[in-house]
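By letter and in written order, the chains are A, B and C; residue numbering begins at 1 in each of them.
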Amino acid sequence: MAESVIKFNNVTFTYNAEENDIPALNNVSFGVNKGEFLAVLGHNGSGKSTAAKMMNALLIPDSGEVIVDGMNTAESENTLNIRKKVGMVFQNPDNQLVATIVEDDVAFGPENLGLAPEEIRKRVDFALKAVGMYELKDREPHNLSGGQKQRVAIAGAIAMQTDCIVMDEPTAMLDPSGRAEVMNTIKMLKDELGITVILITHYMDEAVKADRVIVMNNGEIIMDDTPKNVFSQVEIIKNLGLDVPQATELAYRLNKSGLNIDYSVLNEEECAQAILRFAGVKR
Amino acid sequence: MVKDITIGQYFPSDSIIHRLDPRVKIVLTLVLIVCIFICKNIPSLLAFVLITALLVLVSKVPLKMVLKSIKPIAIVILFTSLLNIFYIRGGTVFFEWKFIHITSKGLFTALFMAARVICLVVISSLLTYTTTPTMLTDAIERLLSPLKIFKIPVHTLSMMMTLALRFIPVLIDEIDRITNAQKARGADFETGGLIKKAQAMIPIIVPLFISSIKHAYELADAMDCRCYTDGSGRTRMKQMKTKASDYAALFVSLVFVTALILCNYAPFITGLTFFNTVI
Amino acid sequence: MTPVISVQNLNYIYNVGLPNEVRAVENVSFDIGHGELIGLIGHTGSGKSTLVQHLNGLLKPSSGDVLLDGKSIFESKSTIHEAKFKVGLCFQYPEYQLFEETVEKDIAFGPTNMKLDKEEIVRRVVKAASFVGLKPEHMKKSPFELSGGEKRRAAIAGVMAMEPQVLILDEPTAGLDPNGRDKILNMVKLYRDTTGCTVILVSHSMEDVAKTCDKVLVMNKGCVEMFGKTDDVFCRYEELSSMGLNVPQVSRIFSLLKKGGLNVNTEVFTVEAGVNELLKILKR
């Protein structure tokens, strides 16, 4: 078992505990392994965003604990060190860019850490090149597309040299090409920089690309497995108000109609192959 | 209309003016603005206009953009100039008809006023065109840092300025979007008296207010995540160094200011008083 | 029969005469019939948002015309004003337009601007709210107490309550989870089927359009590239891909099956149709 960078131990949390008795997170336990790409899938109000905010001490559990790299998030002297480890990217690209020039925004985090100017410059240039935004470093954020803004936000986290980046529905407000930009950047983070990525999403086509998927519902973890094993449970996923890939659904429904087709398929190639294999057997 | 505002816009380039220390630029801008009001005769005004034109040229900011900064106030300038021309009496009378008098003094006043306001706007927008907002707010923070002795939160103020500059375009887009959405529901912003017009703004102001609060909360979270505390212990990527060129700029302007003062207030330069108008 | 909307040689140019001049809509002409449910697709910047803002008179064309029931909407100030009520336009993320103290009052904003009498306004508000599935207990609440999906539906009800002949929804499912998205799409269908009104659904998602619409209009670089029955448009799969649109995954599976030697009909755009087609072939 690989070591856990982030660990949730029996975490329970309720917003406005005095007037509200439905917990947003109910006795949740899981670990995030170093270097993995973890997708947390769930519909709105399933508790997935609350879990995300626990990961860098924006929220503190009512009971249970969240441990980041050996540090308990409940102890306030750890807060800054935890945030150096775990970066965050939010849904609305406009609400997380602070400066009026792209490169100044990426520099914001390292400047807060009190680094030397030359070091900051080095990190900013590296981060902007990594996300492919170096050419646009002198632009103003409001002249960028949604996908480009999210890439700048990701560069901001890279420049802090975080081990982990938590993305809270980073693509919800983007068009298809913006979503593709963000997904390609996530792949780069994992493959080239070895950064652990936690992607909170309700798009199954993004979760499919992860190493591991956690499915949440009513503040609890329903499933925690590989994408293949999660999405082949077509009925459960659909009952949770989530989508399965059309490829999986097609194979699943053919299977239920009495054709012996393997439905643990995630993409069009796998699905086509499964169907062709079946057709070949039949001929 | 709101989109015409150019204050706070930056034009990337690498001119001498772009490279000056922003602190020096702010000080020089203030000095030049004071100078505009020292000019009381035609030669000094001409010299000033020339210097302004020279600065625009050196800054490599396209003339079109500079003119754009004057556009929003062009009508005000035109209107007050006409008032000055028609109503101020004194000096030689060129034209007289009923209540309209065109006199030399009126013409001079109008000319001076227009030239001064235009120079003022051009010089201050040149500052923002050649300096990134981040550098500008940084420089203001540094220039004002002596005020920290009086417990004035200089850093917080400059951070607020940066965020305000960052969110102005976001909010302008939002106003546009909300206005269109309410127009599509038949809202009427054009007809009716002042009170009715003010009431018609409610469907724009309420959503704007609510989304601003949302922006603020999310922004606060994002800043927390990026280890922002209170600004103490913060460093800067872009350092400000006063270079030889900055001292040169300071020196040149000192000479210029002295010359201006002399030609306006020194009674011994009698050759120039010939041009003096009585303003 | 006269089409309900007829767009004729419409052109719209931003920043006329400036170096950054943009031809957002170029020489666009098409007719939309009564009661049609039309999907309008195209990637960001294809001109689809600019186009729909002409249909209710919010933007004035640089040249060309929009006819509503055979009459130009740009004839006079009053026809432009009337067009807002006859063609209801609901923008992307419409929850930003909510501002009243109660949901009820907010939905009534449009009808009130139409200067209708009280009973009529009440009738329309109740009807619109039931279409979008808002319950009576929601109506007295502040719109800001609603959940994200409910806010979205309340805002759409605000446009429906004007009872326009044509309802245009710009990306009504943007940012919603699958549950919220399905609710909206079903609601759009139900609305068209019960009122018989024309609906235009602007969307990025070809999967949503395939599930919902009878006809599809494809915009690319300010021009109408295709306009026709959903099946006829979606089978031009390669062309749509090259315009940067994502063809439904089932369609891609079927073209792979064809390449793999299975003799299938490749004009399949929904899972439903795909299952039926394959059962027909494989169960023999």
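In this section, a residue touches a chain if its C-beta (ideal position, glycine included) is under 8 Å from a C-beta of that chain, and two chains touch if they have at least 3 such contacts.
The structure presented is a predicted model; accordingly, all values stated were derived computationally and were not measured.
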Required steps from chain A to chain C (each step between touching chains, minimum) = 1
Chain at maximum distance from chain C, centres defined as averaged CA atoms | B
Between B-C and A-B, flag the pair that has more C-beta pairs in contact.
-> A-B
Taking each chain's centre as the mean of its CA atoms, how far is chain A from chain C in angstrom?
-> 31
Taking each chain's centre as the mean of its CA atoms, chain A sits from chain B at a distance in Å of 44
What are the residue numbers in chain C that touch two or more other chains?
-> none
Listed in rising order, the residues of chain A that touch chain B in the complex are 53, 56, 58, 80, 83-84, 87-88, 90, 92, 94-101, 103-104, 107-117, 120-121, 124, 138, 140-142, 156, 160
Which residues of chain C touch chain B in the complex?
-> 53, 56, 58, 81, 84-85, 88-91, 94, 96-99, 109-110, 113-114, 144, 158-159, 162
Provide the residue numbers of chain A that touch chain C in the complex, in ascending order.
-> 43-45, 145, 172-173, 175-178, 202, 204, 241-243, 245-247, 249-250, 253-254, 257-259, 267-269, 271-273, 275-276, 278-279, 282
For chain B, which residues count as touching chain A in their complex?
-> 8, 10, 12, 132-134, 162-163, 165-166, 169-170, 173, 214-215, 218-219, 221-229, 233-239
Residue positions on chain B within touch of chain C in the complex are 174, 177-178, 180-188, 202-203, 206-207, 210-211
